[in-house]
């Protein structure tokens, strides 16, 4: 039992912190956000140079083969800087699926360009009306000769319009109503396909999200893909989807911890400098206790983020799901509490767009709406 | 729309307050509690003299024919004084059932001695394992000649061992599993019987409750009652039981408001007098805000207690149940919050038996366990 | 004690309901129900309709041209118009500065300004907060120097709601620097069209332009626009705060929002069933509904027992009212799940761009964030709890 | 970073589990699981068993006769013994005064008192709080006057846990009245059997006799029992407080109580189904379970990163630990519904009287009330939040 980082990891952490401080200040971030893609390709290239984009991939595919500790550090730094780039969608989620399900040729073709920052691949898994249930798939995959035709809709695909390729879940057999999402092994008939974002029949509605990122709703209308597009076994993709969604959820927890750290620091700074009634408002006991609670929430969330990350590699799927859900619930609720408290402590300015803290509060709140909110995961935890 | 009391009611309120102050101080109450019956027959006789014991009864049965406002005032005073006598069980619940279901002869025989303090009748409605569902009745009523044989068990009968007579619910037909407690009209087969506490086959386990009252678990083993024991129509008692349980719940809300008032006053007194770090602890902002929240809880609870009391006479049963449940939820949760805050603000002494506030906190907490707790009523509210 | 509405009150309710149904433009009501952004003309349109009927100032005393509605009538009016989908009335004139003018204003001020308010001629805003003076209002720095028949005003107000629409602002200004900072504050009415007044938008967390910085650069204000006595502004401001808190309970609007939330929950799915039937969500919704019942009853209790001048108990209404409003926005945002994420301002503005996901979803997250303001403005909830602790409980 | 237990740690866990299973008397475990009242002999019995094995002080450094367990081992020991149904160890000697003696005690004190603790020979209690000095500990008034080779102690301690069983008490006493009230406090060890010591029970809200007033009337205490330097008691007391807070997280016991809660919820019915399947109750239970997971991980994180000396972060453990303990008692009480009401002390004491309702129900309400103490003692949670705000956050 050892919660400490080794020297190499500490160095990695410091270099990330330096990068965020130097290149990801509030005004710079605003500028990246205003770019057509809603993030900076320069930053993305720098991430590649730092090895971040291949962090978890095998070395043979241009990755660093890093483990859970590095993932925690990277995602926490992303939270610290409120990073806009599609790290979660591309490296953790799409990269994770390819690493897990891809055959040798697919890994060779996809992972190195992702690691090099040359290609952006994202996952398109959730559907309108399915809420957070990734097993409720109504997008159809129908064989037509040697090819497959995909039809359906995917909802709130992070960075969908900025991606070169999409990994799309579709139903190659069965129907979605007979699935119980808590029996992973029994869910059958879902497959994954690689689809070019520009392919015929793909239409993309690009939009901003309320926390400053980009997402898209994507319609697939008789989109033809070849046999090489199939990622993993036909009809047997759900276990991988479930595992990658958990990896994404754990990564979001780590990101949330980073957001909490910075938001708490900004709030403390405000409490120490803002004067009312002739004193810094941080002298008021009620505000002190609120700040103490924010600190407690962040520390407990950090513990849960660590625990969830550790369980990702567990062979006990039920245990992994239970702990990831527990972490997502805890982080979701703590995030809500911290963001609300921070806004309140900032007073009037806390609800304007001009304050960095307002942007952190928004992201922290909206993280909960990705890959299952607290209520969703509480239910999954109960039924685990 | 008028929330004020008229002069007569105000006078009534003042006389109650004077009585509680003079005759129901903390030490006196301790002495009443130590009496064999756990309350004072002297006080009971004085209640009778004041007209309290017939307050809601028709004048022809020795009552005052008073309305909702007087009930609110009486129950609030009972809460203020943490009164031990069986007012709820006898006057509100048993008296209410007799008034509602009894025939002329029964009313004539029972109400005047209750109003005069000569006889104590209580209701025995809930059963072990049925939790708060009064429609889950497994006590059986079997005809034997002209008589009826009662067999079964009743749980936590308030003042059961001190009563002269019990009003017992029993199933004269059907079984309890086919009832949906939210469809009052459809619940069938439950009857009410008057039983002497000393009758053959009645065995009573008397005990204290954690909030200082008395209750009993009562077993009925082939208890024979005559036809005159039947209260109301055979098999058709549930609507009356449901209505009286609501009257009891509304009365408990009013009592809780009285407990809150006194407990808040005791806590404020402590905050103003207890010194720590050289100042009264009421100077600490965190404790001030906690006291403010206690005040808010009490005021909101008072509003709900009024609203529930008003709806008791509504002809719209669904509306009555909805509002009574809302009040019970609100009062239950507010009571929990106030009692916890009060204990905390009293510090170490708050968890000893020596402090009046500790007794108020206990009663306030346990009121929620009578006639349906917050969770029970929240569910009933949702399904209403 | 009789907690039911009288026949007269019931008749009044029917009248308001019928009138709102007949006169409120349906497309305006739709915007309100769907949480779309309202233009200046939307507010003005409805207020003109009410002004023509005499109902914009129905709650004013007859002596000032009102109809002398009882507090219960005003509550009924608020509830019925909110339920019909009416926009909220801009409160700064008719509900905030008006009582101050009635109590402390000169005859000309009463005739001129109250008259124009009855006819909805001016849009008012409030010049209280300053960058260095939020909850600590009395430390304000905006100065007004007397020069013969006018004052010269210099300073910077912030957090001024809808100042971009306003014709008039009532301001707290410093006319002298006394020993206590509460002294030397005066209450001034300033024409927003005066030279030297600049309005700069403060963009809200939901990218809405609702609040502003207002700068005064040597603005000339006639002495006739000084309310009451010079240096007594703090007294008037405190008088006004009580009125602000009463209206802030927002029961009528919260009842409408609760109904909207139920509609949304009935349409959303969780785990294959309606969200409204999800026990956990239903329990949270029920809790807010119960809290709102308690608040409404408390409002009626305060109003019917004490008449029109609200005491420090009004702090309860502010605290619970704002908490309930926030809880409703929070549940609504959660109800739509992932479709809380898309942010399409054009759709929120109702400018013809389609929303992403269900139509009702698009404004909800932005609205949740914006509504965090309700526990901050009008005296933050921390200040309100201080007031209860000190003024009510004597701590 | 490796968050799994090492093979050694796992082996230690197995050893503790096997030992507890083999040596803890089953009737004692039953009493603990069922929340029955424990007698002095119950505590002593289990501590004797541990002392014989050397485990009563396994977490002590080897230099003082301990086994030098790591914090992780101590955590495993706590968790496994709690799960087996062992009573909590009386902490005042081995966990509280012991570290003070190790750091500041004289050689004789270390040999004599630490030696007796290892063999479970004395029952210790803590003499800190006084009627006028609760959270404001430093304002204590108990005086010790030096008279040659002994002190004469006069004063009144309160809230002294299980003083009626104690052989020894460690006390903060005032030996001089300095400028700051923290100065002039000394740390004294007093034999409870000395003439002039009187113990008076304070009956708890659950009618339990757990705490006491302790009066000192001209009690003679040898100078040899002064710990460290005269007037430095406050420093030692603060040193001790850190240790008190670590143990107070109570993870092991809370895990056992969570398991008990689940057993009860599975047996209770609500609306015709098991309470454990009731969505609302299940959600509340799950929330506590998750909070406990977070607390346990935080405990491990603090312990494994910082070694044995807990910083102000220990306040988190105290706050969350006590809140979770209380939440568990609250849910347990609610789980049994109306059968929370009966209060039969003889049944709680396990004196043969049958309980009313299910056997597990009878102590639960009383226990809920008694457990409110956990957010008050050991530095109230308000004090802990002050510590975090000031010592950690610099406010």
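A, B, C and D label the chains in the order they appear, each numbered from 1.
Throughout what follows, a residue touches a chain if its C-beta (ideal position, glycine included) is under 8 Å from a C-beta of that chain, and two chains touch if they have at least 3 such contacts.
All figures in this text were calculated on a predicted structure; none of them were measured in a lab.
For chain pairs B-C and A-B, the one joined by more C-beta pairs in contact is B-C. Relative to chain A, the chain whose mean Cα position lies farthest away is B. Between chain B and chain C the centroid-to-centroid distance comes to 42 Å (mean Cα coordinates, whole Å).
Chain A and chain B have Cα centroids lying 54 Å from one another.
In terms of their C-alpha centroids, the spacing between chain B and chain D amounts to 39 Å. Residues of chain D in contact with two or more other chains: 279-280, 283, 382, 385.
In chain B, the residues that touch at least two other chains are 284-287, 289, 378.
Within the complex formed with chain B, the residues of chain A that make contact are 284-286, 289. Chain C contributes residues 1-6, 9, 72, 279, 282-283, 286-287, 289-291, 293-295, 297-298, 300-301, 304-305, 313, 316, 319-320, 382, 385-386, 388-390, 392-395 to its touches with chain B in the complex. If you check the complex, the residues on chain B that touch chain C are 1-6, 9, 68-69, 268, 271-272, 282-283, 285, 287-289, 291-293, 295-296, 299-304, 306-307, 310, 323, 326, 329-330, 378, 381-382.
Residues of chain C that touch chain D in their complex: 279-280, 283. Every residue of chain B that touches chain D in the complex is listed here, in rising order: 126, 128-129, 131-133, 136, 155-156, 177, 181, 205, 207-211, 215, 217, 275-278, 284, 286-287, 340, 343-344, 347-348, 350-354, 358, 361-362, 365-366, 369-370, 373, 375-376, 378-379.
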